[in-house]
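What follows is a set of structures for review.
Shared chain: subunit A. Partners: subunit B in the first complex, subunit C in the second.
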Partner chain A sequence: MKRNSYISKVIMCVIIFLLIFPLGVVLLWSFVKIWPWPNLVPRDFGIRAFEYILNPNNKSIRILCFSVCLSSVVTVITLLISIPAAKALGVYNFKGKDFFKILVLAPIIVPTIAVAMGIHVAFIKLGLANTVLGVVLVHLIPCLPYGIRILTNVFEIIGESMEMQARVLGANSIQTFIRITLPLIAPGLLSAGSLVFIVSFSQYFLTFLIGGGRIITFSMLMFPYIQSGDRMMACSYSIVFILSTLVILLIIEKIVRSYYKGENYFYM
Partner chain B sequence: MKKISIILLMIMLVVNLTACGNNSNKEEYNVLDKEWKDILEDAKGTTVNFYGWGGSQKTNEWLDDFVAKRLKEEYDITFNRVPMNIDDILNKLLGEKQVDVKKGNIDIVWINGENFYTAKNNDLLLGSFTEKLPNFNKYIDKDSPEVKYDFGFAVDGYEAPYGKAQFVMIYDKVRLDKAPKSHEEILEMVKNNPGKFTYPAPPDFTGSAFVRNIIYDIVGYEKFISMEADKERIQKEVAPAMEFLKEIRPYLWKEGKTYPATIAQLDNMFADNEVLMTMSYNPNHVASKIVTGEFPETSSVTILNRGTIGNTHFLTIPYNAPNKAAALVVIDFILSIEAQSSKYDPENWGDLPVIDNGKLNEAEKKIFENIKLGKGTLPQSVLLEHRVPEMPANIIPIIEEIWQENIPVEGE
Partner chain C sequence: MYKKLKPYIMLAPVMIIILGIFTMGLVLGFFQSLGYFPVIGLNDFTLKYYKEVLLDKSFIDSFKFSIYISLISSVLSVIIGVLLAYSIFQSKHKKGIEEIIYKLPIIVPHSIAALLVYNMLTQSGVLARVLFSLGFISEQAQFPSLIFDKNGIGIIVTYIWKETPFIAMVVYTVLSNINEKLAEAALNLGANKRQVFWRIILPLIMPSILSSFIIIFSFSFGSFEVPYLLGPTNPKTLPVKAYIEYTNPDLTHRPYTMVINMILTFYSFLLVWLYSKTFKLISKFNG
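Moving on, here comes the complex of A and B:
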């Protein structure tokens, strides 16, 4: 038994190391000017890239804030659509349910580029191209599968019995939703929301195509530097990218947890 | 429930239809018929969207810091730079053309070569506008083949020159004491330093330029300038160069079994001391890489004695630019002495100016002479002496194809 826990500890450390180490390299490179072979440590350090990002002339920070807002809006809309869809898939029985479950994943299975080209032409005709609304709509495509799938599992676990109980005791449907369903699925909403936020935040191609350069997100600033091989710049942008996602997720988690503090979690 | 959703759907459709109607009814005036004075007036207080490659910190800073600031001061124009690759820009314009969008959002595009060829052939551009620009008429040599032709394709005023580039090879003086100046010397160098040289695989832009430069060095450039895009003929002409590339192959990095896919990768390999040389289509590339600290201080450029390929990059205006007047004003400003000299300064960007030296007065000439050359670069006069023109745009893909057929690359 003791031996077992020792082994599992080692495995855990290795996994954590494997996850953290690449991030450490990225962090290091964001300060490295030059690191030629065969030097074990970089030859010269600098803060050129962070100076550039913080320079207000190139609007990096402003665009970062905009991206966060955009992805938040996408997350909220995705969750609003996902809850009823997931409930239907998780709780109710109907003909072709399994088919629909797979169909929900279609946006991830079908290559985005193939679909996006057609959507672009349609959006131009509808006047949605190059607008924030258009970008939000198109972000929903890769986000929805994640939202729906995660919440479906949540609804499968909690079932409908609690809600029925509330209804029997005289609560109307809105009360039931706010006081019973929402607290029950809160942890699920949190993980679905986090994932959806990340998916939306890192969208490059779709934003690019539908936003047409009018809507600029943070990943669009970062991409040219990754492509042109400026490692210091690319790593610095990546660090800012990772940190801002992390901070946002932590904040959301804090808020949700304090809101439902004292309430019982039926699972987690 | 069903009824409500149907009504919702109908409302949505109606909204969409009205949205469409609003877009197409704007009356377009022809900006090119206007006087320059009126164009300046129209441009005042507006925003210009500049679309172009955004992968170089120096270039981005020059546009964001210098151009944007001066345009605001001088013309009250807000300059908005959008980083986008030219392929994506063209796809966007082609998509808009397909559904006939009268008002897009790109005002200025940074373009040249095959992409200009594509854009002009598909009617994606505004038209012949350069004659309108005062600075173009004043400072640019209109009869110079570098202004009249872009990769062998007639410009006809559809784009205005922006800057000049020239192919150079980069080495580190500490690691390589004698830089090769011809293909024979390259062969000698790779034999002495096996595994320490390579080039990006075409169709990478720079790798493709290297292959063309080797072709020029071995068989001369004259016959290619007016050559038809006939694969058999080209194959025959470039055969000696392909033989040479096969000959150096075993001495290349990883024995030539694989090549770096992009110039970015080769640059990083040079910075990491993995290879002895890299290359660039921008002679001041090395200076800016030294300034950012990516290349060692002792890096330097070399050119081939029989000449290296030079080209001009341009600015153009799409057919559906929302703010054509301001686009003209911005391009005119970029052609000014002030902008061109600031752009030439390696502290800012280090891009070669397009202004004709013969059209400058003494004071203006002094401005350019006083700019301190970047570390490791060659003076403009040396570069211009060794400058040979690009091949026609439609030959280039054929040469890339021939390279791929002759030089087998193993999967990475």
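Moving on, here comes the complex of A and C:
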């Protein structure tokens, strides 16, 4: 009995170590000045790479801000159109519901490259290729399944009874939505919003193909460094990428919590 | 009347996007794969491109390579993920650890995951340095090339790094919802811990293991970034091959790209179908 729990503890620690350790190496590499083979630790440290990234002349920060804005727009649009769709799928019964459920989740399973290459010519014809609008539209495809999936689960749990009560007591539909529905689904919005933002923010191929090199996001900016094996630059960009994602997620959480603080205690 | 239409109206905005971009993209790709591409003057439907691609040896190699990578990485991710979830579940102080482990790989995109593995496994990487200082190898060249190699080790390790936490998260959620009394009852009746795992716990978590297996398998099968960054020149995985064909300036090559894309799509649909079949089978046995 006791030996067994030791073994499982060792297994747990080993796997967790293997998952976390490479990230530590990336953090280390981003502060390296010289790290020649076969030294186990860097010979000299420096922040040259971060100086390069933070230097306004290199546009990295501007591209980072643009990326954050782009993904925020994608997230807001995704949530706005996911809420009614998720409510329909979660609360109502109607003909073809199962078909819609599968269709809505299909973009997770079908490779995005097949969709992107197929639609590319149409986007060029419509003048959507190489534009921000085109990139936003095509980002919606991998994002929507996550938004709808999470919010559908939420609507399945809360049902419609709370909203019905508000309506019976004389609230109009806008009041009901803002005062009842939104606070109820706030936790779901938080997780859906975070995930959708991450999916959009880390998108490389779709932006690259539909943006045609004109629309440059942060994940496109760091790709060539990874491709060429320039470790110091690639690791620094990665650290900036991960940190900015974490900060944004924190901000999303703060916003949602501050709006609906203490109002969602009847949720679950 | 309005009541009946309401759900459809609520679904309309999402459907416009999904039908207009997702479905349309697949349909247009399908037409091009049949040789219908009016922009460059191809107006006849033909199966010629399918025949050529399916008989092409390099396509067969790519196909096998893709299946091999997805299968190995997904099976190993599932095994390690279940081990991780089960060991976290068994250890008492679990608050906090799992939160970080689940979140980090979600935040780290595939390109950075490829970089992590690149750092570890190249001939000048961390693993080679450790082996050198332990005296196992005496120079860089003795370390086997695990990146850009024909066995796709680098790609497989990247997928395992990225997907293990996902599996662990799914399995852990199910594990913590399983009624503990079931395991206790089995223990009371004389089963040992191993039997409890194989006979009680595994069957209960099997459906979620299968569904997450399908998701990570189809994802790694159709994903482009990791094999593009870490894969060998030959054989290429199908998505990389499709992309290389796509960038060919000769537009008459376009139908070949689309054939590969359609085959990728076909296999992902096949997987979903298989998944729903097995799912039904399992739930039948569970009563």
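One rule holds in what follows: the second predicted complex is superposed on the first by the 237 of 268 C-alpha atoms of A that agree within 3 Å, B and C clash if a C-alpha of one lies under 4 Å from a C-alpha of the other, contacts with A are read in each partner's own complex, and residues count from 1 in each chain.
The working rule: a contact is a pair of C-beta atoms (placed from the backbone, for glycine too) under 8 Å apart; a residue touches a chain by one contact, two chains touch by 3 or more.
Since we're looking at a predicted model, the values are computed, not measured.
Chemist: Here subunit A is shared; do subunit B and subunit C fit on it together or clash?
Modeler: Subunit B/subunit C on subunit A - steric clash.
Chemist: Using the touch definition from the top, say if A:Pro38 reaches subunit B (first), subunit C (second), both or neither.
Modeler: Both partners, subunit B and subunit C.
Chemist: Counting residues of subunit A in contact, which comes out ahead: subunit B or subunit C?
Modeler: If we count touched residues of subunit A for both partners, the winner is C.
Chemist: Looking at the overlay, does A:Arg231 come into contact with subunit B only (first), subunit C only (second), both, or neither?
Modeler: Both partners.
Chemist: Of the two partner chains, subunit B (first) and subunit C (second), which one does A:Val121 touch, if any: first, second, both, or neither?
Modeler: both
Chemist: A:Thr245 in the overlay: touching subunit B, subunit C, both, or neither? Say first, second, both or neither.
Modeler: A:Thr245 contacts subunit C only, not subunit B.
Chemist: On the A-aligned overlay, A:Ala171 touches which partner chain: subunit B = first, subunit C = second, or both, or neither?
Modeler: Neither partner.
Chemist: Tell me the contact category for A:Val132 with respect to subunit B and subunit C: first, second, both or neither.
Modeler: A:Val132: touches no partner chain.
Chemist: Looking at A:Ser219 after the superposition, I want to know if it touches subunit B, subunit C, both of them or none. Which is it: first, second, both, neither?
Modeler: Touch status of A:Ser219: second partner only.
Chemist: Taking the superposition on A as described, I'd like to know which of subunit B and subunit C A:Val73 touches: first, second, both or neither.
Modeler: neither
Chemist: Any idea which of 55-63, 127-135, 271-279 or 379-387 of subunit B is the one running into subunit C?
Modeler: Clashes occur only in 271-279.
Chemist: Output the subunit A positions appearing in both contact lists, the one against subunit B and the one against subunit C.
Modeler: 37-38, 117, 121, 223, 227, 229, 231
Chemist: If we count contacts the way the header does, which residues on subunit A are in touch with subunit C in the complex?
Modeler: Result: residues 1, 4-5, 8-9, 11-12, 15-16, 18-20, 22-23, 25-26, 29, 37-40, 80-82, 84-85, 87-89, 92, 94, 97, 100, 102-104, 106-119, 121-122, 137-138, 140-141, 144, 148, 195, 198, 202, 204-205, 219, 222-223, 226-227, 229, 231, 234-235, 238, 241-242, 245-246, 249 of subunit A touch subunit C.
Chemist: Given the complex with subunit B, which residues does subunit A contribute to the contact?
Modeler: Interface residues on subunit A, with respect to subunit B: 33-38, 44, 46, 48, 52, 55, 57-58, 117, 120-121, 124-127, 130, 208-209, 212-214, 216, 220-221, 223-225, 227-233.
Chemist: Along subunit B, where are the residues that touch subunit A in the complex?
Modeler: Contact set of subunit B toward subunit A: 16, 19-20, 22-23, 49, 51, 53-57, 60-61, 64-65, 68-69, 82-85, 88, 91-92, 95-96, 98-99, 101, 104-106, 262-265, 267-268, 271-274, 292-296.
Chemist: Contact residues on subunit C for subunit A in the complex?
Modeler: 4, 6-8, 10-11, 13-15, 17-18, 21-30, 32, 39, 80, 83-84, 86-88, 90-91, 97, 101, 104-112, 114-120, 122, 124, 126, 128-130, 132-133, 140, 161, 164-165, 193, 214-215, 218-219, 221-225, 229, 239, 242-243, 246, 257-258, 261-262, 264-265, 268-269, 271-272
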